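Paired with subunit B in one complex and with subunit C in the other, subunit A is shared by the two complexes that follow.
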Partner chain A sequence: MGTSVEVDDLSVSFGRTSVLHGISLSVAAGEFVALLGPSGCGKTTLLRAIAGFVPPSAGRIRAGGQDITRAPPEKRGAAMVFQSYALWPHMTVAKTIGYGLKLRGWNSGRIDAKVEEMLRLLRLEGLGARLPAQLSGGQRQRVALGRALAVDPAILLLDEPMSNLDARVREGVRHELRALQQSLGITAIHVTHDREEAMIMADRIVILQEGRIAQAGTPEDLWARPASAYVADFLGATNRLPVRIQGSQAEASPGEAPLDLAADRSPPPGPATVHFRPEEARILAAGEPLDGLVFRGTVALSAYPGGRWRASIRVGRDDVLVDVPDRLPEGAAVRLGIPSPAAHVFAAP
Partner chain B sequence: MLPYLLLAPALFVVGAFFLVPLAFSVGGAFEGPQGPTLANLANAASLYRMDLLFTLLIVVASTALTGLGAVAIGGYLTLGRSKLALRLLGAMYRWPLFIPFIVAAQAMRGFIGQNGLMNNTLVWIGLMPQEWAQSFLDWRGIVITFVWKQLPFATLLVAGAMAALDRSGIEAAQNLGANRLRILIGIVIPQVARNIMVALVLSFVTMMSVLSVPMMISGQSPTMLTVAMAWRINSFGDYGTANALGLVSCVMTGLVAWVWLRQAAAERAR
Partner chain C sequence: MSRSVMWWLPRGLLLGLFAFFIFGPLVNLVLWSVAESWFWPNRLPSQYGFRFWERVFRPEGQAMESLWLSIWIASLTTLLCLAVSVPAAWALAKANLRWRAAILMLFLLPQAFPNLPVYINIARIFFTFDLNGTVIGVVLVHAAHGLVYSIWIATAAFAAVDDDLELAARNIGASALTAFRTVTLPLAAPGIAASAVFVFLESLDEFTASYFVGAPEVRTLPLLLFSAAAGGNMQVAAITALILLVPSVLFMLIVERFLRAEVLAKVGK
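Moving on to the complex of A and B:
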């Protein structure tokens, strides 16, 4: 069964470079939390600090209420799955999975039984005698997971364990891993830079930006209400167009109706930027009303990535991408509509 | 044509300075005043059987101790936690590499002799009474000097291989609860076993060929084959027996190299 993890005002520095700045985070027992962010945002450092591989310069880490800030890695009850899998090239699959059990003084009969159980659980039957070099990427990843799960850890730490798998295998492993975590009831903290992976697997996502938490919440919350341009951009709202804030209204192209913004989502008056996702914008017919922002532009390019067309629309000096059901002729004048829930407006940088 | 031209200087050096003298030595071992003979080998075997055994024991013991030391130092450099100790050890262990065997032997005479620095210091700080002071200028002195001199070289190879290991493999074992000794034995050593073997074979061969250390530390009988060879040449002009002793040394080192090559080939085949 999992245990809770609390990170309180945690800072980590490497020499004079500060990497984490006062991170506070609470993970409930049995919860699956994803730490999401681009390279260099501090997500792996935070995970390694929880695992005990990186000493914090300030702050506290507790597991199940117990202070583990200065505890060595082996005393934390946390098992880690490494990005490189960290399998030992000289050790067979069965020995690797049973390694933690041997350290705990289990007799060989019990170890063999547990290893068999893990091999079955991870669909690695018959591969116990193989060396890592004789396994595929997906099999290696499952062995690394088996080694971590065999010791029944209270906390499972996952450091981008799927980044080395090809897209097709990754898809299946995401669901398998999530189902396994839920059935075992382990607390899981998962580092990833893959937004979709975090959305699919996590109960809660923590987005990190330069060593600080940019926003934390459920996948739906973050998706619908990103708190900053950084979060919106990271969650797929990569299109940006300039708007003007007047009072509590955002104005798009001249002649189009302004959008009323909720008081808590309205940036200060002046220049601002609307962020939106390609799949959430629409091309409007002439005169068609919309509760949202409307821009006038021309079609610069249409491409077919599969399923639907993706049009590049030029609005003023900016180009944005929009998913449309049919091909749009290049050069055509269009009205681009961003429905109110999809328009994330932030003060201009 | 160009590849052969580029190879030529190397081939010349190997041929002129290694193969030809070696062939002469091997030939000389079977040469007597009346033509080909086995008398030199018989002479070497009857006169120097004890020296042969002495040499083998000293070099095997020194090689084993060098291996243990190299693994211990490399292991600490890889798994140690004290930053100060790591920095000091990392900086210091290489120093003996730059000291020639003869200087090491001379320094060791002054250090481990009966009235040497070691005994005097121990007596002076009151750790040992004067009567206990004994000379280590015998087989123990040779082993100590060999290990002291070869340890940095072996450590350089072993610690380098350990440092090149995937760090996350060590962290994974640590994460599962392994202490540092278990990580060293179960995770690190198996992955650098080949490098350890290379260090040991090269150390074995080097120690087999050193003359200055046994000559200066312990000239008494039995002694090492190198001293015996020098004695045969300098005192008797007996190149035949000296060559026979050289051949025996060569066979001993050749056997070690062969065992290592066989093991390396078997590993590659896996």
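Moving on to the complex of A and C:
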């Protein structure tokens, strides 16, 4: 069974460079949390601090209520799957998976049985005698996972373990790993820069920005209500268009009805930016009303990525992408509608 | 047609030249070792035979005794160097020392000065400690020389082991020492073995320091070779040189197999 992890006001610096600034995070026992952010945001450092590889400059880390801030890596009950897999080139698959068990003083019969069980669980049967160099990328990844899982860790730390797999293999591994984590009831903390991976696998996502938590919540929560332009951008709302805030209303193109914003979501009056996703906007017929923001623009380009058409629409000086069911003729004047729930309005930077 | 001649002719000549430079002296050695009489102006020996081989390998001949002494000294030197260089190289490669580059340079220093004055001074100093003419004295002076190789190569070997490999072991319950013993050391072992071979061969071939510190009591094979050659006994000198060649070639083959390019690329990094 997993244990809870609490990170309390944790700071880490390398020399004079501060990497994490007062991170506080609590992960329930058995929960799957994804740390999401671009490279350099500190997500891997946070994971390595929890693993005990990086000493914090301030703050505390607790596992199952016990303070492990100064504990050496081997006394934390946390097992990590490394991005590089960190498999030992001189050890066979069976030796690698059995390594932690041998340290725990298991006799060889018990180790062999457990290793067999892990090999079956990870679909690596018959590969026990192979060396890492004789395995495919996907198999190496599963061996690294097997080494971590064999010791029955309370906490599983995953450092972008799927970034070296090709896209098709990755799809399958996501679901397998999630199912495995749930059936074993381990607490998992997963570092990734892949939004979709985080959404699919995690109970809760923590988005990091330059060493601070930008927003934390369930995938649905973050998707529907990003708290900042940074989060919206990271969660696929990459289109931006300028709007004006008047009182609690946002105005788009002149002549279109303004959108009433909820009091807690309204930025201060003045220039602002609306963020939205290509698949959530649509093209409106002339005179069609919409509870949302409406912009007038012209079609600059249409492309067919498969399934639906993707149109590039020019609004004033900005270009935005919209997914539409049919091809739009280039140069046509269109009304671009962003429904109220899809329009994320933030003060202009 | 002419193009193909232009292609192989310079290459063939160059290769022949290289072969001559490498094997010419060897052929000369072999000839001398089996020459029972070879006087000027003869191009080749006038009489061949294994008389001198028999003389060298005779139980009361000094060659075998010197060979075993040389091997004994080389072994002790290698052990001493390893005892120092394994922990030192680990610290230099992994422990983020502040003066890392300076320390590595320090071990190069003995090579930076002319050998002769250094060894004469060492001989003077050893004389006051009664180390002159002792095996320990020779081992010490060989080790000072061998540490350059062993520290630099072993540091590179440790640096070539990814930190994450050790952390992966720590992570699932290994103490720092266990992780070092089961992961880092075995992975660095080929590099360390190669450094040991270098130290061993250097010690085996070493002449100058052995001469000043060891002679005449400690008579290593190179010293024997020197006195044979100086006494005009070219046959014994040639045979001794051929004996010295055996471990060199043997170990070079081993090193070539173990020391990978990735390890060498880390030297000095």
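Quick notes on this structure:
Definition applied: the second predicted complex is superposed on the first by the 349 of 349 C-alpha atoms of A that agree within 3 Å, B and C clash if a C-alpha of one lies under 4 Å from a C-alpha of the other, contacts with A are read in each partner's own complex, and residues count from 1 in each chain.
The rule is short, and it goes like this: contacts are C-beta pairs under 8 Å (C-beta built on N, C-alpha and C of every residue); 3 or more make two chains touch, one makes a residue touch a chain.
Every value quoted in this text rests on a predicted model; they were computed, and no experiment measured them.
Superimposing the complexes on subunit A yields a three-chain arrangement in which subunit B and subunit C clash. In the superposition on chain A, contact of A:100 is made with both subunit B and subunit C. Within the superposed three-chain model, A:236 lies out of touch with both subunit B and subunit C [touch as defined at top]. By the touch criterion defined above, A:51 lies against subunit B and subunit C together after alignment on the C-alpha atoms of chain A. In the superposed model, A:219 lies in contact with neither subunit B nor subunit C. In the superposition on chain A, the residues of subunit A contacted by subunit B and by subunit C overlap at 51-53, 72-74, 78-80, 82, 84, 86-90, 99-100, 103-104, 147, 151.
Across the complex, subunit B is touched by residues 51-53, 72-74, 78-80, 82-84, 86-91, 99-100, 103-104, 144, 147, 151 of subunit A. Of all residues in subunit A, those touching subunit C in their complex are 51-53, 72-74, 78-80, 82, 84, 86-90, 99-100, 103-104, 147-148, 150-151, 153. Taken in their complex, subunit B has these residues touching subunit A: 166, 168-169, 171-179, 182, 186-187, 190-191. Every residue of subunit C that touches subunit A in the complex is listed here, in rising order: 162, 164-165, 167-176, 178, 182-183, 186-187.
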